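If you scroll down you'll find the structure; I have some questions about it.
As written, the chains take the letters A, B, C and D, and residue 1 is the first residue of each chain.
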Amino acid sequence: MKVISQEQLNLWLADLLKQTVVVAPIEKHGKIQYQEINSISQIVWDFTRPELPPRNWVIPMTEPILFIEQGPTTVLKQPDLPHEKILFGLRPCDSRSFKVLDALFWDKEPADPQYARHRQALTLIGLACPEMWDSCFCTVVGGAPDDTEGLDILLTRIDDGFAVQAITEKGQALVSGLDLLQWSGVPADPSEARGLPKLHESAEWAAVFKDVFWKELSHACLSCRVCSFVCPTCRCYDVRDEVIAICPNGKVYERLRAWDTCTSMGYRRIAGGHNPRETQVKRLKNRFYCKFMYYPEDFGVLGCVGCGRCIDACPAGIDILEVVEKVDLKLAQAQI
Amino acid sequence: MTKNSAPRMPIDPECCPAPGDTENINSPNLKAENFQQNESMNKDKPRIGVYVCMCGSNIAGTVNVPKVVEAVSHMPNVVVARYNKYTCSGPGQQSIQEDIKANKLNRVVVSACSPRMHERTWRAMLTNAGVNPYLLEVANLREHVSWIHSAGEMTTRKAVDLVAAAIERVALHDPLFPQRVPVTKAAMVVGGGIAGIQASLDLAQAGVPVYLVEREPSIGGHMAQLDKTFPTLDCSACILTPKMVDVASHPNITLLSNSEVEKLDGFIGNFQVTVRRKARYVDVDACTACNDCVKVCPVQIPSEFENGMAERTAIYRPFAQAVPNAFAIDKRGEAPCKAACPAGIHVQGFVALIAEGRFKEAYDLIQKDMPFPGICGRVCHHPCETECRRAEKDQPVAIEFLKRYAADWAFTHPEEFVENTAVYNLKGDDLAGKKIAIIGSGPVGLTVARDLAANSAECEIFEALPVAGGMMNVGIPGHRLPKQILEKEINDIVSLPGIKLHLSTPVSLAPEVNASAMTLERLRQDFDAVFVGIGAHLGSRMGIPGEDLEGVYSGIEFLRQVNFSHLNVDLGSQPKVGKRVAVVGGGNVAIDAAMTARRLGAEEVSIIYRRTRDEMPAHDWEIEEAADEGIKFIFLANPLEVIADQGSVSAIKCQRMRLGAPDSSGRRRPEPIEGDTVTLPMDTVIMSIGQKLDAESIEINQGSKGWIAVDPQTFQTSERDVFAAGDAVTGPVSIVEVVGTGHQAAESIRRFLCGQELLAGLKQGKTTKETPGYYEPAAWDRTPRQEISFREAADRNDFDEIYLGFTEDQAVAEAKRCLSCAACSECLACVDACGVGAIDHTAVDTFEQIDVGAIIIASGFDVWDPTPMLEYGYGVYPEVYTGIEIERLSNASGPTEGNIVMRNGEKPERVAILHCVGSRDEHHQPYCSRICCMYSLKLAHLIREKTSAEVVEFYMDIRSFGKGYEEFYERVQHEGVVFVRGRGAQVLPQDDQLVVYAEDTDLGQPVRLPVDMVILATGVVPSKGADELAHKLHVTRDINGFFLEAHPKLRPVDSNTDGIYLAGTCQAPRDIPDTVTHASAAAAQALGLLSQPYVEVVPTIAEVDELNCVGCSLCVEVCPYGAPTLAENRGRLVSKINEALCKGCGLCVAGCRGKAIALRGFTDNQLLSQIETLLQFSMDER
Amino acid sequence: MTFIEDQIRQTARKYLENDEVSCVIGYERDTRGRSRPVFIESVDQVDRLVWGPDCNLNLASYLHERKHSPGKDQPIPKTAVVLRPCDTRAINLLINEQQVARENVRIIGVTCEGSEINGSLRVDCEFCQERVPPLYDDLILTELPVEVPESADPYADINEMDQWTPEERLAFWTSEFDRCIRCYACRQACPGCYCFECVAEKLDPHWVSIALEVPEKMFFHVMRAYHLAGRCVGCGACEAVCPMDIPLGKLNRKVAKEILELFDYRTGDSIETHPPLVCFNPNERLNL
Amino acid sequence: MSESFEPKIVGFLCNWCSYAGADLAGTSRMSYPQNVRIIRVPCSGRVDPLFVVKTLIDGADGVMVLGCHPGDCHYQQGNYIAQRRYSIMHRLLEFSGLETDRLFVDWVSASEGKKFSEVVTSFTEKVRNIGPNPLRKKAESGIDVLEEVSS
């Protein structure tokens, strides 16, 4: 295994920053966020995980995906190509989230063009977690604090530097120019064997769909959008055409895509006012079933990477891990 | 459609082609069915026609109209965009209608003048073309663009933005259908001057029921004041009064005189007007206008009709030909003195009668409410004088002494009172056969007995003492209240038929029945009701050592013993008074006791009080009387012990005190100074520190301080048939207060015995009146308050009275000082004088709701008061008059019977008339008042005719514009009137004359003219209260305060509230012929409305999206019309709008947080698209 | 179990045992020791109820879910709620606005020692003079009397900001709103925000773009502050739930301060008083 | 601030007083700057203060809301309630970083054409002095945005 010293790493990053856009965890407004940097000194090295997920870099909170110029003949224009970017310091769970999103937007044809353009421009450099924090449960959903899934390069902090693992060819190419020392050690395994619950297969979830516990769980839900907006894998969006100019021969619209979520009240309302998910319980349940049943069944990957952000952020204390545990318990009860 | 017929839609001549160019356009005829066939068309994708009007050069001169059209012609949904010279003209409208047909247009944008001008025109045009009239948007390129900006890029750009925004907005319009509401076929005319009279007669003649509301007691207005009218010189009254009589006799006219509009609800065709019928106090139908009431009315105040040059009485008729020909009483609230009197004495009334020397009537009036005029005239604490408004000027009127004067006069003139004076007070026979027992013959018991006996009840009074009168008799010493007065006034009552007095008959209130004594229990068995008025005859004790010693008395007991001896009652012995007497306490009883002790021979009397003089509860004047008599005051001392020497009092030991923090009564609390005591040698000690109920355990409930507990309003005790009042209930208070509670208790007993509701209609505590508009005399005589004569302190060694009372002259002079605050003094003399019983002083304002379809405002004008123009000295120099004053002098029914004379009665030899006083003057009224030139000419003619005086008119321009006016001007010139062109600069006095300074602008020379009389030709201003009326009727006024017409040329009689019209001078100054014309025009407009079967209500009203409404009730709270209400929909409450009530203001729409209410025609989306386009429209093609 | 918790549990037990309510809304602790709302529907669950300074939501907000009949001919459920003094004012507001019927709510009012957001005392609590709920059915007492802080200017922070230049204030709010993710947690946690569909999300009329950019966020927050003018009870739930720690309370406190100064009005004094923007006084002339 | 800055001003005028007052200013030819664009509304009480926020965000540099004088409201109380609403919204916008002078609320009667032209003139001048509105969401015209994205 190769290692890189902190100094060396800084120099390398500074070099990269000259060539391309680098996004890294920095502190802004007292929150750790993945943001574009203009200096290496901005990077934060000791953190749990950023408050907001990195999906903003493939599905921005708001983005025009098309321009429509009305007139005698309507003209459609695509926005500019996104710039090449290096996402540095990704936690393994977050890097794993890109695989989840890829499954929907990129892997299957037709790919989402705007997503694809963003995704193609990204190189992902991970930073393994030194430990599993309080609300982390990546190991429950098949990940690990030092998981390499989705990454081009994974860095793991060791005593006087970082162990460097180049995962993909892109990664290899990136580190190939570096003069790295060989290291014979093995980084400590940060996985914790604390009593985390067992996650059941997606098919088994159907058995508890009508359980009353969902109703009890949903009482406290405020129907806000926090859990989804901090989730690295939630990807629902809303699209609207909005006027940006009124010209003598017609209006110019931008087609805006902005984050949306199944937990908010109007999400599923359809023309005429009917809403099949009018109740809180239906909306909240959908979020969990989406993660653990619908998504795996439709796209072959779990919809949750175990980052635990929603656990920390939910103002009503709704805990996804408790849900997993409850389902386990209910299924066990059902077997008896 | 015929060519060349006159246009029906109003068109502004300033910008429109000659009528010949226009086509007939049908008036709007909006029916839902008219749009049926086009319904689908209206709902289709918008197809918009845009028409930019050049308005001749009005718009095109400034705005690059072709460029505007070009800029918007490619906008989405725009099918046609054109400009034309006059869009409002026939050809202009026709081209749009053709476009609509040819291009299947379903929406139209007209960019022309203000929508307030022609929106209706375009709407009518759309209707005719089969398009819903509300699918129209008007962009205002004239008033808001071309007329205010100069030509240029920015101006054209603004026009483009406005048109583009209108296009975006019209695309979001929905077809709207107005609701139809039936019209109430009745009209109201507000104001009964010549304009209101004319309009009412015109409407009535056409068969419309008319309500004519006039705030004065008579209609007629200013025209009734005039002498002759220009230019024909016919007598104003001669031409006006027949019309007034027509109003009174017309079957279609309901005359509401002395009334004002209070509130307006509803809308065009469907108004609900609330009218305040001000109390007139005289029944209009019963009054025969005989004038008998005026003869007895003692109040004289300046007559408004005579402009203050003559006086009228408080009950009056404005002028002899008044319509309705009935009197009215001028009341300005309740006089403060009467309001302050606990017994409700008609104070201003008896004072006014005394001022006229009508002493018997004065005494009778006092007697109505106060059974003890002579007593009360001596010992009252007179809160009336505290409230007297004369005190604000110098000193209050000596009301108490005037009352005493009336009583003393009655005492000395028994021959005037052949019958018992109290008997006339008989009110009724409600209580015939009822028996009431009254315990106690004090002031309260006697008041109750008198009131009940007046209702034919049988009253038996049980008095424990051998004398009647209670505390009045045994508590007040003779030097304050002579026994013979007491005797008379008590006797006046107890001698009444139905009253029986049992002296020396104590009644036990104790619950145990004692066979030997008369008890409450027994009285309750024998009588229908019992009244307890036992007073507070037990002196409180301090509870200090030595209080039981011989030579120690309680104040109340001491006075009682002394009074007994004067009454020759043998009850105990005359108290012995030593040389040195100490009286402990600071109240009136203490003062009386001290002064009595002195009269009994004490050499040194000291009042010991634990606080200081400032805190003494005794009346100031009594403290002074005592001090004058040499009574000593020892303040800040509190007795600790009465010290005896051989069994009799030798000294009193007192604790020295100091004042600490204020207590709950607001007085500073005395605190002992530790260790500081003083011992004063004394022979007699009189403890006068308070009184208690003289009964230990009683059958009825007692309150916290031991007084009898009663309902504070009904005076009913815990037993339904037992009532109580007076000191026994309230603790010791003044006689006048006791009498007041006695009246109330008697009324409760009457109601109880008649089985009526005790509380109904009772005042809840002291009513706080709205600030009444008291009568303010222009001047008041400076006579000071009369001094009452009294005996010198040195002579006051016996029990004869201290004060000697007013002389007759003094009484009359003092009474004349009254300011007549309430105008009517409520002496009630008119009630007696009125042979037909038409007068009711208790009348109150009433409210009447009247439904009408149209309203005509004819509120008239006021003559401007030129006092602010100090240079003319109006109000300072008596010989400076206003024109209207000379009208009255010249009028045969006026104060001088038609002689134009100076204040000294002589004819003037030279008169100056100054024109434009306050008019055409930027400091006062910028406008020309239009009538002054002509009336000045008329007055000049009349003065020449009646006095042959030389008349000089100082004028700026002579405006003689009407029919026959210029000829009249010529005539007056030939009559020798001198005209000087130039504004009067100043009027100054010189040697019994006035000198007018002016500039003769024709000669370019200053003029100085001595004259005998100056007449100011003052202009007109909106009548007082026009602002209030405008608020109530929701109509706007112009900058000068006149009501604003909807259009200065084309809609001169419409206000900008539909269904409300303007007539006469309320809209602008105008003379009589113009006023009458204007009034008839207003009546014609109103008739036009009233002859329609229905009106259409604007469809731009609020609409609730019930699915989205959360039912928070905000809309219900903010709506001024009560249009939204909460009603159930699918298990929850949501807002629903009553379309007939909604006026479309949008207050709820803007307030609705969830945007669940929309305002049709002004939806959020429409306004948002308009905003967006105004800000973001780009003129550059891509 | 603390002194307060014991009383809350006893009260909840009383209500559930007597069938006076179908549910008690209070707080419990999750497995990580944090407080969260809990809905107790049976007596055996009452021991889950807890109390602490981190109980910083306004549970009255949950009444909106329980104000209508759950189905045909079913009565509106009766609910007991654990509330702080400021929270109880929201009940008066909701009764005034016809949202909640008093007879359907039992207020378990807690004598308040101040609540915390992220471990520090709320600004409002620093100066709060109202430690006992103005409205309650059951009063939960503290073991020792609560010390009422010295009365000082409760709007010192607002007054300070008022002194800033407009540029400084704009910069401050731009930076704060920049990190807003428009998750609407503030709105959802607020007892006064109960529209079926918020203007921020409405399509017809269409007021706000879906873009998550500063002008939209600013519009949303200014709108919310305005809609809560004279209606905000100052419970701080919006700040407590904000995942981005935006000082939203400042906007509401600014409005509350102006409402107090202009109209001498405080939200929720009684059910009769209407919020001042719903009524008017014809004699007043406000400085606009 | 560039000399050539021409503020965009939107005025919401009640139909019964202020709009008529503006008409009177026109009829009386009382000139005032071209910067104001007028929107006619039935009553100042119709103008939800959120329109002001929206107008500013949409690019206006100043907003005026004019209604009938207190007591003169055609709808009895619309302007009284508007007065209360704007007293709060104005202070709130100030607190959010808006310059006080960007919002102007006043009463103009149908007879006050002169006053109307005066208030428009002075308001335009004030806004011109403060400079462009920083809250504005979009560029001066939509075209600028288009150029940016397609270049």
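Definition applied: a contact is a pair of C-beta atoms (placed from the backbone, for glycine too) under 8 Å apart; a residue touches a chain by one contact, two chains touch by 3 or more.
Predicted model only: the values in this text are computed from it and were never measured.
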item: Chain whose average C-alpha position is farthest from chain D's own; value: A
item: More contacts between chains, A-B or B-D; value: B-D
item: Distance from chain D to chain B - Cα centre to Cα centre, in angstrom; value: 41
item: Mean-CA-position distance for chain B and chain A (Å); value: 76
item: Euclidean distance of C-alpha centroids - chain C vs chain D, Å; value: 34
item: Rounded Å distance between chain B and chain C, as computed from the means of their C-alpha atoms; value: 48
item: Residue numbers of chain B (touch at least two other chains); value: 1107, 1118, 1151, 1164, 1168, 1172, 1176-1178, 1180, 1182
item: Residues of chain D engaged with two or more neighbouring chains; value: 49, 54, 71, 77, 81, 85, 138, 141-143, 146
item: Of all residues in chain A, the ones touching two or more other chains; value: 69, 243, 245-247, 252
item: Touch list for chain B against partner chain D, complex; value: 114-117, 140, 142-145, 147-150, 154-155, 157-158, 161-162, 165, 1030-1031, 1034, 1036-1039, 1044, 1056-1057, 1100, 1118, 1120, 1143-1147, 1149-1151, 1159, 1162, 1164, 1167-1168, 1170-1172, 1174-1178, 1180, 1182
item: Contact footprint of chain C on chain A as seen in their complex; value: 28-31, 33, 51-52, 61-62, 134-135, 216, 219-220, 222-226, 229-230, 238, 240, 242, 256, 258-260, 264-266, 280, 311, 313, 315-319, 322
item: Of all residues in chain B, those that touch chain A in their complex; value: 71-76, 164, 168, 1107, 1172-1173, 1176-1182
item: Residue numbers on chain A that touch chain B, as the complex places them; value: 69-71, 243, 245-252, 273
item: Touching residues on chain C, where the partner in the complex is chain B; value: 68-69, 97-99, 194-199, 202, 204-207, 227, 274, 277-279
